[in-house]
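Labels A, B and C are assigned to the chains in the order they are written; within every chain, residues are numbered from 1.
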Amino acid sequence: MLELEGVRGGYGKLEILQLASLRVPDGAIVGVIGPNGAGKSTLLKTAFGYLAPWAGRVALDGREIAGRRPDEIMRLGVGYLPQAGGLFAEMTVHDNLVLGGYTISRGEKRRAIDGIYARFPLFRDRRRQLAGALSGGEQRLLAVARALIVRPRLLLLDEPSAALAPRFIDEVYETLVNLNRGGLAMLIVEQNVEAILAVAHRVFVLDLGRNAFDGTPAELRGSDRIRRLYLGEDR
Amino acid sequence: MMARAKLGVAGAAAAVLLPVLLPHPFVLTIATQAVIWALLAASWDLLSGYTGQISFGHAGFFALGAYAAAAATKHAGVSPWLGLLLGAAIAAGVGLLTGFPALRLRGHYLALVTLGLAEIIRLVATNWLDLTGGPFGIHDFRSFPGLPAGALAHRQAMYLLVVAIVVGSVAVMYQVCERTSAGKAFRAIREDEVLAETLGVDTTRYKLLAFALSSGFAGLAGGLYAYYVQLVSPVVASAATTSLVIGMAVFGGLGTLWGPVLGALLLYGLYEGLRFVGVVYNLIAVGFVIMVFVIFFPRGLAGFGRSA
Amino acid sequence: MLESLLEFLIQGLVLGGLYALFAVGLSLIFGVLDVINVAHGEFFAIGGYLAFAAVVLLHLPGAVGVLGAAVGTFLLGLCVYPLLIAPLKRRLGGRPQGPLYLVLTLGLSTFLQSSLLAVAGGDYLRVPPQVSGILDLDVTAVSYQRLLVLGVAAVLLTALFAFLRFHPEGLAVRAVALNPDAAQAMGINLPRIFALTVALGVALAGVGGALMAPLFNVYPAVGFPLTIKAFAITILGGMGNPAGALVASFLVSIAESLSVMVIPSQWQNLIAFAVMVVMLLVRPRGLFGRAVSR
């Protein structure tokens, strides 16, 4: 579904991605791990159009999307959840959800939001509160719920577990797995290696802006070298 | 870079020498004012181009220098030479004071506070009748003594005098900006203030220095203007003055000193030349130049031929 | 004493309507685009010229003049972002360089003002009031024209705030002001919102220009004193906070009006700038603004 091939890119004059490639098959969960500064977030931002690649191919369903704006890519059925601050903290929970439905009709939007309120009473009860007043885990959940309003086919997530207590990490990942069972594909950048290895169908390792390894979680765990370099000594 | 600078300086020198070779009174009038504007533009560049503290209120310092000089000569009989120094000193003093709040303000907030100050100066100039003569300004004060009496000779002498003072001033500014540690500090502050602090640059001291120097020379330009035009009115503190100065500096190239000088000479020549054609189009050209150059030629004339 | 107090209060209130039309638009543009529109006053002037053209040249009714001014300045405002701001943004590549945008709009201001001078000449043009007559209150008399300005300001600004609060596009505008990246992820087209915001902001000024034309007369530089005063007002209210600008408009107008009781009237204009300078020194984010970190 999503294909990045030989992508080079970065910020201003700073080259971060040197030769990055990956594929997300329809309905799969694909993880991206690697050391800090490897370019994982940059890769996600390039896939979603925040950054234009200097070279290489970015294709969605076979169609080239490199150089398109994020709002255009969003309308092709892709959702993006940044590491922090994806919500409009100074707006209410309800208004955040309404914005999530910006691209769909009023009727569909209302139905979708009602559905979210039914599924998550917590949001219904606090819908007039500012989104920034929610806890970290609640905000993460709200961001995911909001992204689902337009029924995307692919979600790009940048470190969904960042700054969350373990209990919330489990909850978030449980939700993601359930969504995936419904056919939603995901590309997840993660620092928390264990969490992503537990759910991904395939994992790419990025180091210094280029691919270092890719395979199934089992294959990753099976390789001594990978285990030592990226998964920590004592795994 | 050095070659370009030399070319620019040569261009400026040629422009300056022109009236000496073609001593037509009209040419001399334009040239004298153009050279004064060149000093004002250079002073602006020291603060805004070199040190990155964008000022939208240089019309205010210019006006302070002009009014101080004119008032001193008219009311206290001060000699114009002293009047020049007085104007520069007062402008520098106010500039130094302005530097203090600037220590904490960045970007457009700084620009707005300088704009506000210039506007306050203009309002005071317009309304404080006793000191400033109100909307009609100050006139009837003597100019530099010892100049030849004949009309053309007087203009020529005046021109050479102004050129001498301006060239000297710009040379001093150039020395400071390019050859001293102060200049290095200015540029460090412009590039990355936080980094400069970390590296041990006393940003406070150098920012204040930049403000004082810049406003002082702007005040000097004001004094020269006063003694040359023999009339100082609140118009000199108007936003049009600031607009012209910024336009000249952007046109010539920020952060080069010789760029704004060349820009001032050319743009003022264009401005007055167009006025010859039809009064109303000259300022349109200035506005147009500012917009086009900010967007497409940010390095101004100084950047032509140079790759980004 | 109480009578004069009331009189000045009312005059100040009426003036506040004009300031509000100006400052709210300016603040909105800054909040969404991070650009200070130095050329705002020129749209005020253009509004006046459009009203003049409609009423004096084409002999259309006053209301049409105001409507024409609104539409004309709106359309002109739509051009500002794509033609001027977007190219500069592209070149700067997202690095925030506030003062350069300020220089750009300064250039636009000079260009527009002198273009008006070239096209229409420097004469003060007279425009008949949209409404005539004077309302005679006990303490003071207020012309209906001035009340009209206040009334129209009240209606338009209420509509604007309702739009921002309830309408999906209004929410989108607020979203872009808060978090442009997240806004894009919602499918919001940034260039479109930017262009729309500028157009809305300057259209408010244009309407103000059309309504004030009978009182100020129409000439190229008529808007500039208001622009710099509006800077002061928006700083006071908090740059980028339209509601703050609304409150600050009335604070300033009433302060100016009341000040006549203690200082000579020609120093009135100084108040706004003195307040602005003090504000910038003491609390740059103004009374209601966000912390200055952007």
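Here, a contact is a pair of C-beta atoms (placed from the backbone, for glycine too) under 8 Å apart; a residue touches a chain by one contact, two chains touch by 3 or more.
On a predicted model such as this, the values are computed, not experimentally measured, just so you know.
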Furthest chain, CA centroid comparison against chain B: A
Chain with minimal offset from the mean of all protein Cα atoms: C
Computed distance of Cα centres, chain B from chain A, in Å: 54
Separation of mean Cα positions, chain C and chain A [Å, integer]: 42
Distance between chain centroids, defined by C-alpha means - chain B, chain C (Å): 31
Contacting residues of chain C [partner chain A, same complex]: 93, 95, 168, 171-172, 174-175, 178-179, 181-190
Touching residues on chain B, where the partner in the complex is chain C: 48, 54, 56, 101, 104-113, 115-117, 119-120, 123-124, 126-127, 239-240, 242-243, 246-247, 250, 280-284, 286-291, 294-296, 298
Complex contacts: residues of chain A adjacent to chain C: 12, 48-50, 69-71, 74-75, 79-80, 82, 85-91, 95, 98-100, 102-103, 150
Partner chain B, residues of chain C touching it in the complex: 36, 84, 87-88, 91, 96-104, 106-115, 117-118, 224, 228, 231-232, 235, 264, 266-267, 269-270, 273-274, 276-277, 280-281, 284, 292
